[in-house]
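Dropping the structures in below, format is structure tokens.
Consider the two complexes below, in which subunit A is the common component and subunit B and subunit C are the respective partners.
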Partner chain A sequence: MSDKLSEKRKIKSAKKMRDIMTTYYLDAMTAGQNNKQIAWITSGGPVEPLVAMDIIPIYPENHGAMIGASKMGEDLCIKAEDMGYSSDLCSYARADISCSVVKGGPIGGLPEPDMLICCNNICGTVLKWYEVQARFYNVPLFILDTPICHTRYSPEIAKYVQAQIDEYIAFLEKVTKRKFNYEKMAEVGRLAFEAQLLWQKVLNTTAHKPSPMSAFDAFFFLALIVTLRGTKIAVDFYKELLGEMEQRIKDGISMVPNEKYRLLWDNLPVWYQLKWLSQKFSDHNACLVADTYTSAWCGAIQYTNKDNFIGSIAEAYTRIYLNIGVDQMAGQVLDMIKFYNADGLVMHSNRSCKPYSFGQMDIMKIVREKTNLPVLMIEADMVDPRNFSQSQVETRIDAFMEIIKQKND
Partner chain B sequence: MIYAGIDIGSITAKAALIKNNRLLGTHVIMTGYDPINAGIKVFDALLKQSRISKTQISAIISTGYGRASVSFADKALTEIICHGTGAHFMNPEIRGIIDVGGQDSKAIFLDQNGQVENFAMNDKCAAGTGRFLEVMAKALEVDLELLGDFSLAADKPSKISSICTVFAESEVISMIAKQERRENIIAGIHESAAARVAILANKIKIKKPVMMTGGVAKNKGMVNSLENRLGFKLIVGDLAQENGAIGAAVLASKL
Partner chain C sequence: MKEINIFYNALETLPVLASKIKAKQKKIMGYLCSYAPEELIYAAGFHPMRLFSSKSDIVQAEQHLQAYCCSLVRGVLEDSLSGRLDFLDGTVFPHTCDSMQRLSDIWRMNGKYEFFADVILPAKLNTQSARAYMKDVLTGFKKDLEKAAGKEITDTDLQNSIKKFNIIRKNLSKIYALQSKKPGIIKGSDLYTIVKGSMVMDRDEVADILPVIAGNLEKIDLPPKNIKRIVMSGSICDSPDIYSAMESAGGVIVGDDLCTGQRWFEGQTQVDENPMDAIAARLLNRVICPAKHFSPTARGENLVSLAKKNRADGVIFMLLKFCDPHAFDYPYLKEFLEKQGIKTLLIEMDDQQQNSGQLATRFETFIHYI
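The block that comes next holds the complex of A and B.
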């Protein structure tokens, strides 16, 4: 009986997504044979122009997540440290740099790039990381510098970033020796816009009680909005996933068996502990219903113009969650707490991700003052398990849940 | 009705019994390498000492790092909730707790009903814990129990700048080589550990009166350094070390 129930809880679209991702990586691995070029791009970078130019985008950060989830992070991080990199360097960067050299990891290393696209809207580390890779592979590097919008998107920022978007297109024309196709760009833009809308709708379904999926599922289903944004594949997939979520709501299928408490997660996942963490919260009848991380890939949709996508790219890519002021970030967290009706906030202080972890103490304070909800801070790292202590984290989660139960019961 | 609480810490195991909301007795042993056995042993010893048989116990709650290894407990709860409840039971006025145990240190904020409102714990690091003091006592060839007395006799506490236990130990060793007074080094160690713990208390904006619990509360030097750092007096009961077990027993009576 319980086996049947847990079978029912499984999200059916997961298999399809795995297949799509496998095809995506196989296509990239054989790109050379098909006269296709590969661009490595940062997770927050504008990918749509690449898709419009028929260049295959590859995400070292998505690869980093795969390395973490397959528990190969420690080994690759140590290899990077052997090469002389500091253990304080981001574990995605360490794993990616050493993987390029040893061709390790779950898929034997990424397909080699023909160019690198680096946008610093997510962090500053990517600048040096991509410079290292540009030297290693001896390929051209394009850097898109997006100033942090502490309070607003000023005309100066708009002008500065727009000039770089123009340079970006010129860069792509030069590297591919082909003219930029604006018509195709418009079509890709519409698809990217649609996929983001759909992704937001998928995430919104968890506002329902009980939630049809958890943030742990969102961490998984995120892969397509990151890697295949701007394609029909992503749009079709998220339509299907949205349909499945709506059906689960109708059928009363929840992800956590006895969902009683609803929590919000902040920062990247702890990739190598997903299963343990999800079980831990589930044992407390708690569901992580939403997170600030997966929503980042549709958070700037309000600045995107679907009928003039390329014209709105500068603003949409500059005003993302990690590139705004702490007050605005806290505002978004408060909105999410309200929308998803959360009973508490769990923050992952991520040793690797400095820009994400830097303002957390302030956000924590603001959330506590405005909502009086319990907030938990867990110290860990997204890929390097040497920065994670299971028994310490366990005590913190247990105590946090005891407080929530005391408050609610 | 008699209720029991068992607190398996990283260094010591504690047990407490309560009857009709009054404390019957407590017992402390070393945890050693076998937390499962420590739970059984400390419980049996307390029953024997209190002349009570197992069948008279209505409910048991386990807590501490080894809470999951007490198979005969009815429920396991974290030491945060148990210390909160224990402190409130001993003194209902208490609004803040600083608990320094073997493996970690924490600051707890209680509401007026004795319920935990917020807490902060040390990060993945032994600095500011009982283990830190244990390592230092060994390097200085002083009994752990005597650290407090030594530090109270200091005239000029040494300055320990490293926050890491391993680095602090080598710093202490170089001070020994320079023949600094042992009393001053020990006082310096307490100040360094107290600085770490005080951060936790300040982080959650702890409210007075504050009780200090955990094994390290028995160390007068550490209490002294913490009070200086925080700028107010701490309430330290005779049963500071057993406070978590007492709280567990109180919570068992509410099951």
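The block that comes next holds the complex of A and C.
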């Protein structure tokens, strides 16, 4: 009986997504044979012009997540440290940098880039990381510099980033020796816009009680909106996923068997502990219904004009979650707590990600003051397990859930 | 030299220094980065003051920043929250690294001082659009300053300010060049104090004294000594003990790639052009910091050329723990130097706790080795 139930809880679209991602990586691995070029791009970078130019985008950060999830992070991070990189540096970067040299990891290393596209809207780390790779592979590097909007998106920033979008296109024309196809760009832009809307709708389904999926599922289904944004594949997939979520709501299928408490997650996942964390919260009848991370790939959609995509991406890519002031981030966290009706906030203080983690303590204070909700902060790292103490985290989660229960029961 | 003592005395207690500046009806604007447009702040009638951590215990900053944030950022926040910087009238945050960027948010949200400005400089400096943006940002900052000062900053104000800072920069370069030419001509801790003082003290006073010091040093002749010539690379190096430990070990610092050193003061601002263009041009053309991009190999080339120009026997990397931009560059900078046969040593520091005994031993071992 219970087997049957847990089978019912499994999200059917997961298999399809695995297949799509396998095909994507296989295509990338054989790009050379098909006369296709490869661009490595940061997770927050504008991928759409690459899709419009038929260049295969590869995401070292997605690769980092795969390395973390397959528990190969520690070994690759140590290899980077042997190369002279401090153990305090971002574990995605360390794992990727050493992987380029040793060709390790779950897929034996990424296909080599023909060009590198680095957008610093997520951090300054990517700037240094891509410089490392530009020296290693000796390929052209394009930097899209999106000044942080501490309090506003100023006209100066708008002018600067817009000029760089034009430079980006010129860069792609130069590297590919082909003309940029604006017509195709418009189509790709529409598809990217649609996929983002669908992704937002998928994430919104978890506002339903009980929630048809959890943030742990969102961490998994995120891969397509990151890597295949701008393609029909992504749109079709998220339509299907949305349909499945709506059906689960109708059928009363929840991800956590006895969902009683609803929590919001902040920061990147702890990739090598997803299963354990998910089980841990589930045992407490708690579902992590939403997170600040996966929503970043549709959070700036309000600034995107689907009919003038290329003309509006400057603003959309500059005003993403991490590239704004801590007070604005706190505002978004408060909105999410309200929308998803959360009973508490779990913050991952992530040693690897300084722009995401510094400011968290101020956000925590704001959330406590404005909502009176319990907030838990756990110390970890997204890929390097040496910075994670399971027993310590377990004790803290238990204590936190005790408070949540007392407040709600 | 009595002129050097002026620097020592001024740096002894910061609040005393601050009250003397305020007695001249000058408002004090603090900042933490060598890209801060000092000339604009000075031209507005304010006193630009580079902030360093007092290295006090972290208590209140613990409530805002995790332990894996660098000691400079945490240390200065601690100073602010605990009231040690209450003499400040405002702060300016040029865009540098991720940690500074978040410090700026936390600082602004705590709102302790009257004036606050983010100067969100470009991270890349090698394109036309970045150059235009740099100028736009500086123009915006100038307007903010004018509003705070309640007066217009004229081209004459700017020209006078540029001239003042050029005197300071030129003389610091001269003193460094003399130390490189005649190593040991000035004690390392004296040099450190002069440079730090030039970032903190009244600039009129600094611009008056530096030429005297440079002139005096020029007259000194030193018999050649058997010492090792060292170049230092890193972010800030805020400890006179490091310089004396180096000297006891038999080395002299003949040049540096520090943001509290040559990266900050090398290069003059042009006086014969539009002053705003000239200030922007200097920031764009100066030796870059690792949080900025010029080319994937710009810093490596700069450092090799600095080491060669100063005939360095070795390069010592003094890196602050948890400083990402520098830590990312270290492996390749080391490789670039070693390709040229220049040996290197890495010291990872924490502003808060410095073990001078261990440091001295490491310096000695390195000096023997090179």
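Here is the rule we use: the second predicted complex is superposed on the first by the 409 of 409 C-alpha atoms of A that agree within 3 Å, B and C clash if a C-alpha of one lies under 4 Å from a C-alpha of the other, contacts with A are read in each partner's own complex, and residues count from 1 in each chain.
Operating definition for what follows: a contact is a pair of C-beta atoms (placed from the backbone, for glycine too) under 8 Å apart; a residue touches a chain by one contact, two chains touch by 3 or more.
Keep in mind that what you see is a predicted model, and the values were worked out from it rather than measured.
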item	value
Partner chain(s) touched by A:307 [first = subunit B, second = subunit C, both, neither]	neither
Partner chain(s) touched by A:402 [first = subunit B, second = subunit C, both, neither]	first
Partner contacting more residues of subunit A (subunit B vs subunit C)	C
Touched partner set for A:335, first subunit B, second subunit C, both or neither	neither
Subunit B versus subunit C as contact partner of A:163, first or second or both or neither	second
Subunit B versus subunit C as contact partner of A:19, first or second or both or neither	neither
Partner chain(s) touched by A:389 [first = subunit B, second = subunit C, both, neither]	first
Partner chain(s) touched by A:357 [first = subunit B, second = subunit C, both, neither]	second
Contacts of A:374 with subunit B and subunit C, given as first, second, both or neither	first
Contacts of A:251 with subunit B and subunit C, given as first, second, both or neither	neither
Contact residues of subunit A, present in both the subunit B and the subunit C interface	379
Of subunit A, residues touching subunit B in the complex	368, 374, 379, 387, 389, 391-392, 395-396, 398-399, 402-403, 406-407
For the subunit C and subunit A complex, residues of the former touching the latter	63-66, 68-69, 95, 97-99, 101-106, 108-109, 118, 120-124, 127, 129-130, 132-133, 136-137, 140, 290-291, 293, 296-297, 321-322, 324-325, 327-332, 334, 348
Touching residues (chain side subunit B, partner subunit A) in the complex	65, 77-81, 104, 115-119, 121, 123-124
Parts of subunit A lying in touch with subunit C, wherever the complex brings them together	83-86, 88-90, 93, 120, 123-125, 127-129, 131-132, 134-135, 141, 143, 145, 147-148, 150-151, 154, 156-157, 159-160, 163-164, 167, 325-327, 349, 351, 354-355, 357-362, 365, 379
